[in-house]
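Written out below as structure tokens is the structure these notes cover.
Chain naming follows the written order as A, B, C and D, and within any one chain the residues start at number 1.
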Amino acid sequence: MPELSPETLLNAALGLLIVMTLAGAVLAVTLRKVFHNLLGFGLSVIGGAGVTLILGSEFVALMQLLIFLGGIAIAMVFAVMMSTPNEQAEEPRSAGAVIPAILLGLGFTALICWAMLDGNFPQSSPYVAEAWSVKNIGLLLLTDYELPFEAISILLLAAIIGSVLIARRTREPEPSEEADRG
Amino acid sequence: MSGIYLRFLPELGLLGLALVLFFIAVGPGQEADEREPADSRRKRLIRAAIAGDRVALVGGGVVLILAILAVRQAGPLFFGAYRVALFSQVIKIILAAGLFFNIWLAQEAQSLAPRERPELMLFLSLSTLGMMMLVSADELISFYVALEIAAYSLYILVPLTRGHGDHNEAAFKYFLYGAATSAVALFGMSILFGLAGSSSIPQIATALSANPSTLAVTALLLTLGGVFFKLAVFPFHFWAPDVYQTTSHSVAAFIAGTSKVGAVAALLRLLLMGLSLDQLYWLLGALALLSMSYGNLAALAQRDFKRLLAYSGVAQGGYILLGLAALDSAAYAAASYYAIAYLALMLLCFLVVIELGRTRHGVRADGSTDNSLPIDALGGLYSRSPWLALALMIGLLGLAGVPPTAGFSGKWFLFKAILDQGGFWWVLIAGINNTIAVYYYLVVLKAAYVTPAADGATAIETSLWPRALTLSVGLGVVVLGIAPQIIMPTLQAAVSAMIGS
Amino acid sequence: MAETLGSYLLLSSALFAVGLFGVLLRRNLVAMLIGVELMLNAVIINLVAFARFAGADPGNGQVFALFVIGVAAAEAAVGLSIILTVFKARGAISVDRLEELSG
Amino acid sequence: MAWLDSHLLTSILLCPVIGLALTALIPASRTGAIKLSAAIVSGISCALSILLWQRFDPSTSRLQFTERMEWLPDLGITYIVGIDGLSLPMVLLTGIVFFTGVLTMWELENRVKEYFAFTMALVAGVFGVFISQDLFFLFLFYELAVLPMYLLIAIWGSTRREYAAMKLTLFLLAGSALLFPALIGLSHYSGLNTFDLTLLSDANTDWGGMGIIIFLFLYLGFGVLAGIFPFHTWSPVGHVAAPTAVSMLHAGVLMKLGSYGVLRVGMQVMPEEMVRWAPLIAALAVCNILYGAFVALGQTDLKYVIGYSSVSHMGVVMLGLATMSAAGISGAVFQMFAHGIMTALFFSSIGHIYDHTHTREISRLGGLFTTMPRASTVFIIAGMAGIGVPCLASFWAELLVFIAAVKKWPLAGALAIFGLVVSALFVLRVVQRSFFGPERDDWKDMPDMGNFMATPRVILAAVLLLFGFAPFLMLDQLAASVDALVQVLEASP
């Protein structure tokens, strides 16, 4: 029986998380009912956040959980509840659609893996807690990444206005306008 | 005003315009009141919409002037995340001009509910803002966020057409595949980031030229994929015909023209990172030839003018891509020139679409919208409106590459630039493609000029505005075509400076 | 399972491919959107892994990942609102008719 | 006047452009004013081309009346116009046919404004090709000349006009698809980064392997417009469908753009390739002559007869060029000119007959000479020119070509002369059936040409006769340039 060192534990945990992430993703994609898909998605997100945590980024892991699980998945649940009162299982796609997609997906993965062998990544500096801290992130956001930080606020604002605008159409009918020139 | 603000002037102007439009869009006149009679509410909404249209037009003009004023600015901004240079400023002028003319075209747009017209103007401005930032972004995160600003505004605009119908599906398809391709692009960007250990575009370029691996090419191609989607080149084109056909004419005009210029400029920025990657020459060249062949063949079968324009856009994107494949400053200048010409020609074509759209009943019996425009509906255009027929003729002949339009000189410059890189057979295939394209452009032209008007078709009143647009843009296309030296040296200087830096 | 850059990159490419399958194969609009979100998750893992194993300042990769999360939120908002309009117009949220349009 | 002296060619080019602007400005309802402005503009350009002819210095082969303007130096594009003995007759031809064509269409009533606008664009393109000495501008004007044709035929044409217009345009633009890489390739593979024709010709570039491809592309690309066998099929169909003046411009002038392109770009820039490919060109030219003549024999429609005879006559031009001798090339250029005038005359006469009888079936016509003596005379003069009867311009042209051909390739020369005999047969047959047969009652009250409408025909016939009686007028102008070209060709391996 191998000794339970911190490394082995970490590796075991990482393996578990990876399995969780991928299994959740596969469930999210393959199951026929959307609710089950959402549960799989949640599992995958939790696994992904765990992987991020092991990589050393607590803040990103937290944000992943908060936004993907707490925001996006919940919104999707609402959307599903609002839109499909009596959900029917969807018909499977024909082989003509499935096979190219599978080939594309596998080809993509194979291409990346194959290309990765060729990759030559720069070596990072050893782990320093200071550099991984939220403080450093905040500092970067207000210096080097000030522009995208401002820009993403415009993006989020646009998305909010846009969603309200689009969703408004589903509730209020338009007043009839046939001839509205001048 | 300090130099920093001057450098950021056009973007600030657009931001201001967007803010004003935002307040008009959510302004006090907009909310529903149960007690108000429907008729007076409708009138009020129309008044607000027209006010918004006019404000946007003036604002667009101001932004255009600001962009021209800022053309000589240069230097970094925002800790090096943003770089203002001649190339970015020239493209910003073109984007501002594109926005201005699009707003002009969209005045009193019929295929949008009046309540939603201020939002149309708002998102058009925001999308242009995104594209302007895209051109100057010198760092991947800024690039990505700018790309998304430009894209999301369009995702929101596409479903905003009257009634309920196919456009919702087309809008979702556009959004979803757009989001998926941008995720693919993001995956590529993440690898580029990993390869360079930095998100700065110049640093990535240095890292890639130091180590041009297969992974680098793959990652760059994935990243380019996100922009190919915007440019709608094969095989990223599938959204275009449906979106063009089903969305409102004004939005389709913007997507077809201005947003393509933004995409070309973005591609140029990205390709800066890959100048040392020789494989790109073959990959992009093959993609370009596929794109133009596919687009032209598919366009042959179209019966709807907007779908035809979409497929012809796929083919035209192929021409531009061919220029980009040459990875050479002369070819980049030619591609930029061609993109400008394409923008002007699209404006002319969509002027006809929009003006004809006013006369057609846009709503089907079941209440869904009909934003399509069969080629047959163009029948007898020469007698119904000589102005529109003229605009259509210049537009189509320009797309077909017939002199003296800018389409001809643009093709000549592109082909010369490619041949100088040894692409003799590429030019031949492109030339044959051009012949195929002429066929379907002539079919449309035949409908407008040869076929007599259908029974009951009345003359189309063209007011002063469309006439002025025909005259100014049409004249611009011709002048640019016979005297390209007006802008070509500037473009060459701008591109060389960009590549040199 | 050795803790190397390669294993993380494999994980992220696999996750990305699964997400891509979802987008290409599902007909349910929400499920398609889930596919895109999975792809973004893969990118986040990629970025954080690069922050850990490559490059000078680990902050850069994390900030990049945060921006991706922000965009993912915007994406869900816009996507879901369009899904609701599709539902309003058609009474279902699957895409059989999407194919009718194409061609 | 001083400006005119130094900018004679640009002025000729500007005439139709100004005409286009004038036509655009005059309201569509005022057809009289439009026609008048077109007549004035075309008259001026005709007068200017005669002035050019008169001022031309025949003693030198160098370009004359040159004007240069930097256009895009980085891309090697310069605005250069200039003419030598080879392009001079073409400019004169265009001027004459332009003027007479406008007069011929005097009675047009349908969409007058657009008609003259498109004609002006077309003529601007034609003038531009003949005077440009820079490949970019040459190609620009070449394309400009092709496209208006589509609308001119599709709107104002007759028999299967939309099909004919589309076929014509696509054939010609397929030719352009070959020209694009070939013309740009000339600049690239010469290593000069210029489109200046004179520089390219003087460079004596060794083209290596690309030479064959580029020359063949040039030959085929321009050749489509010259109607070379087997790419001629668009031409008779197009002639038949086009309205009278468009047929005149088309067969008379536009087809010459093709042979002129082969001469100017192909032969002058790539003489060694020309030497290599001359037998092929000659063989195809003989095919043209025989095929055109035999097919014309079987036609029942007057316009088809002339359309196929044009194919035959363009074969004579290409045969003359392929001989690469002084006699052959002078004959070819002379034939381009003579054929242009002659076909214009043919079509203007048929136009008149068709306008009144509404048929072009040879079997339905008959005895027209008594009711329409003027129109018939015009046709007969053109027919005689087509056969190559002495005292008409084309006699000398064809004679020169045949002498050169027999000297170089006796068999080809003999076949070509045989073709001429066949064409004599068909013209005589048409003349006999349509004009001298028993008179038909249907045509009894048909009006003949009035004095005004006869004017353009008289001008054209007079030109044919003038150069028929005094061929030296033409040959003297050509001599120096042709000699220079022949020297270059002979110096090539």
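Miscellaneous remarks
To be clear about the criterion, a contact is a pair of C-beta atoms (placed from the backbone, for glycine too) under 8 Å apart; a residue touches a chain by one contact, two chains touch by 3 or more.
Given the structure is predicted, the values throughout are model-derived calculations rather than measurements.
Of all chain pairs, the one linked by the largest number of contacting C-beta pairs is A-C. Subunit A and subunit B, compared by their mean Cα positions, are separated by 30 Å.
With centres defined as mean CA coordinates, subunit C is found 5 Å away from subunit A. Between subunit B and subunit D, the centres computed from C-alpha atoms are 43 Å apart. Averaged Cα coordinates give subunit A a centre that lies 69 Å from the centre of subunit D.
Subunit A has residues 112, 116, 121-122, 124, 144-145, 148, 152, 155, 158-159, 162-163, 166, 169 in contact with two or more other chains.
With touch defined as above, residues shared between interfaces to two or more other chains in subunit B number as follows: 141, 144-145, 148, 152, 155-156, 159, 191, 194-197. Across the whole structure, chains are in contact as follows: A-B, A-C, B-C, B-D. On the subunit B side of its complex with subunit A, the touching residues are 15, 22, 25, 32, 38, 41-42, 45-46, 49-50, 77-82, 108, 110, 113-116, 119, 122-123, 126, 129, 133, 137, 139, 141-142, 144-146, 148-149, 152-153, 155-156, 159-160, 162-163, 191, 194-197, 207, 211, 213-219. The touching residues of subunit D, counted against subunit B in their complex, run 28, 71-72, 74-75, 111, 114, 136, 139-141, 143-144, 147, 150-151, 154-155, 162, 166, 169-170, 173-174, 176-181, 184-185, 187-188, 210, 213, 217. Against subunit C, in their complex, subunit B makes its touches with residues 140-141, 144-145, 148, 152, 155-156, 159, 164-166, 168-173, 175-177, 179-180, 183-184, 186-187, 190-191, 193-199, 238, 241-242, 246, 368. On subunit A, the positions that touch subunit C within their shared complex are 10-12, 14-15, 18, 21-22, 25-26, 28-29, 34, 37-38, 41, 44-45, 48, 51-52, 54-57, 59-60, 63-64, 67-68, 71-72, 75-76, 79-80, 82-84, 90-91, 93, 97-98, 101-102, 104-106, 108-109, 112-113, 116, 121-125, 127, 131-132, 136-137, 139-141, 144-145, 148, 152, 155-156, 158-160, 162-164, 166-167, 169-170. On subunit A, the positions that touch subunit B within their shared complex are 111-112, 114-116, 118-122, 124, 143-148, 151-152, 154-155, 158-159, 161-163, 165-166, 169, 172, 174-177, 180-182.
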